[in-house]
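Think of it as A, B, C and D in the order they're written, each chain with its own count starting at 1.
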């Protein structure tokens, strides 16, 4: 029983260190973790450079396995110390933590798959907790709320763009044809997206007069269409950030435009009608 | 007479199945239809890929004719079951349904024209009805209302851009000349649109110092000009949720532009017509 | 004296036809004029296509001189019939009308200069008058007012962008150097503008790692900076289109949010306090 | 002592001329300075053009040293006449003035470093003072305030974009591979930024079908994402002209966020401190 108790206390201690950032040890752990994550991402980036891979192959393999083993130990400790391991495993961070270590093990079977460990970049989202960036989280909340609020409008918008792009793609395939790089309708649709979004690689470009005319129309369309998502998000953001004023009028001084939660007139101090 | 009656009832039954999606059979029909449309579009996309066309030519021809015959039967049934066939034939969906089957038949006479059956993509707009996406339709309505409301401003804007682009095109043609790819004024106008809309393929690019200077001015112009349609649409969208003014005119002083809920003219105090 | 009188009356008649579009003759004249202008612009566009120029050289020269002589006669008649010829000559349309005929005459001395007659495109602005597009003019007014109101902000913005672009250009010239296409600082500045405005021709692109890193920063900067003119114009447009409401409250029913010019409450009809 | 006095007066006189623009001499000095700065920048730009550098090497070296010596004298006079030289030296303009002359001297030791004197472009910010462009400064203030107010949102936005770009880069590296120009993950990240910001050089472009599909998604994402900074800045700008809430706290109930003109707390009715 004593053993069990100390075990519980060890679990609790570990939980405070690994999951929270309130204590000195907890903070230190999180800062160390972020540094190790950043180093492991840097390793993946550098390892992908052919010249560096050839020169330091041994070092990269060593570093990769070191990081993976460290993250595996951390992952096991998280499961162990978590009061509800299942909830952790199915949480966003639980899935990300698992996906961060899997690629290295899988790469033993499927070569090349270790690049997928770049998903570790999502682990950096923990930064918000360490630096107590609740303010930043709040801002992110406003952003994502504005996006959610305009989700329906955006889906309608994207559906319209998709139909447009399929029709334009088919038209350009017929007009320009295989000899000018529009080798198939899917490729023409790719070109239409490249053009409509004003990216404009230039790897495929219309050569015929009719094709260039249609392309001009698509460009002007894309130039105008971009106004729509911008308008949607701007209006939603404006709605999200303004504290709404009511139509309440002070019965004493007739001042109007009071905030929704106001109980008293802010000009004369008289109680407002509810 | 009995025959006539059962015929009417068959017509009605068909109408409920084909045109509506309230009954189980109607829903099933529409879901099947969407799947067939998507498959037929996929067929067109894949058939345009040269390699696939060579390998599966027979399959594609078969699939194409199967889909076309299915859509033809559906089209005939729609005309038959519709209480007002003329109204259906001249409606948006009636025209789209017809244009969806025509290309295959025309391709017997004019090879290559069957790609125009991509217009079937517009048939997917029926999706809104199946999934009862009236909410989505409403959002689309708001979008299209905002666009309609700003139509005049957008026409003025496009007219201005067109004039700008013609003048810039002619200038660049004189400055850069045929040897740098600006082979004619129409082609220079195409370049001006590519640049102003910030697409920037790079298939034609100024080479002379003066040309690059003018191009820089055009780019900065385009960078700034994009603010205008965005501003127009954003303001219109914001207005869409604001209380609107009606077309009511005061019967006493002829003042226009009253708020929707106004009962009295705010200029002369006379009661407004409801 | 009778002669003088009929002369005056001829002048007046011509004025009504040429300058106004209220009478049948005036409308007809303007519609004809627009058609001739469009034809003359089309001629310039087609003449610039090398193949067409070779095949129809005679026709183009003939058309060009026909249009120029027509416009010259029209210009002389405008001066003759105008009550204040000097005012007409110094007006916007007077200058455009003159510049529209000059290039053809100058091309006798300086070959190639006849392309500048593309300025005729500005004559199309008269369209607004023919179709009585005062509504369109009004919209154009709102647009140009919004732009004027934000002129100071836009100048500050452009000045900042110019400084940024010069510094980025010099940095990239030092980093990438002549061998990667950045042959001089002015050319690097051109690249910086191409990149910052997200045009991205790709005729010059960074090759070194450091250069690509700096380019990435410039792109993200440009991606964010575009928000500024958009924000400026949107806010100005919103301010321009909203009829301002005052803080007046109806002394009878306490309804607030009345328009600036309202004298009476639009809910109960009571006179508002001034 | 007389000597000391005249010295002080000389210092004061110099200060009025060099630092201020109220007197005739002060204005003249500033206008001359701006001209010399513009000439010196022009010299750097032209000197970087290989052809001009070869033909006029002597002239460029002479001009460069003349400008540098002039600016050095000016810099010494500024330190001498400034009442608080240390404050000047650590001010923004003090640092810029020093950095504007250093590169020429350093270029004696490190060739090529003289291009960094392009920083002189920042000295042009003094223009605001000469033309008394306090209005322009004010506009700049509004712009930078709006940017500051939205700084947190923008940091969250950029952090999200960075993570997105790293993950997309790694994915494209695996999909497209070295043979299609995606030679390393950092280079793929560069491509992702080029695409997401809609710059689209086209120096690297996806070749495989899967790669082009992912690229299409990235483009549509970038097309939509641009709405976010635009929305942020627009809303902040709109807020800049709205009535602001102060940092006043009600001494009775500690409610925060009162309007600027509020005299009483709108929650408990207590009088606010002025």
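In the analysis below, contacts are C-beta pairs under 8 Å (C-beta built on N, C-alpha and C of every residue); 3 or more make two chains touch, one makes a residue touch a chain.
From a predicted model like this one, the values you see are computed outputs, not experimental measurements.
J.: Tell me whether subunit A and subunit B, two copies of the same sequence, contact each other through the same residue numbers or different ones, using over half shared as the line for same.
T.: different
J.: Average the CA atoms of each chain to get its centre, and name the chain whose centre is farthest from that of subunit D.
T.: Centre of mass proxy via C-alpha means gives B as farthest from subunit D.
J.: Contact counts by the stated rule: is the higher one at B-D or A-D?
T.: Pair with more contacting C-beta pairs, B-D versus A-D: A-D.
J.: For subunit A and subunit B, let me know how many angstrom lie between their CA-based centres, rounded off.
T.: 31
J.: Taking the mean of the CA coordinates per chain, how far is subunit B from subunit D in Å?
T.: That pair's centroid distance is 43 Å.
J.: How far is the middle of subunit A from the middle of subunit D, if each middle is the mean of its Cα atoms, in Å?
T.: 29
J.: Which parts of subunit D, given as residue numbers and ranges, touch two or more other chains?
T.: 186, 189, 198-202, 226, 230, 232, 234, 238
J.: Which positions of subunit D touch subunit C when the two form their complex?
T.: 41, 44-45, 48-50, 112, 115-116, 118-119, 121-122, 124-125, 135-136, 139-140, 142-143, 146-147, 154, 158, 161, 186-187, 189-190, 193-194, 196-203, 226, 229-230, 232-234, 236-238, 241
J.: Which positions of subunit D touch subunit A when the two form their complex?
T.: Residue positions touching the partner: 152-153, 155-157, 160, 163, 166-167, 169-170, 173-174, 178, 183-186, 188-189, 195, 198-202, 205, 209, 212-213, 215-216, 219-220, 222-224, 226-228, 230-232, 234-235, 238-239, 257-259, 261-271.
J.: For the complex, give me every residue of subunit C touching subunit A.
T.: Those residues of subunit C that touch subunit A are 198-202, 230, 234, 247, 249, 251, 254, 256-257.
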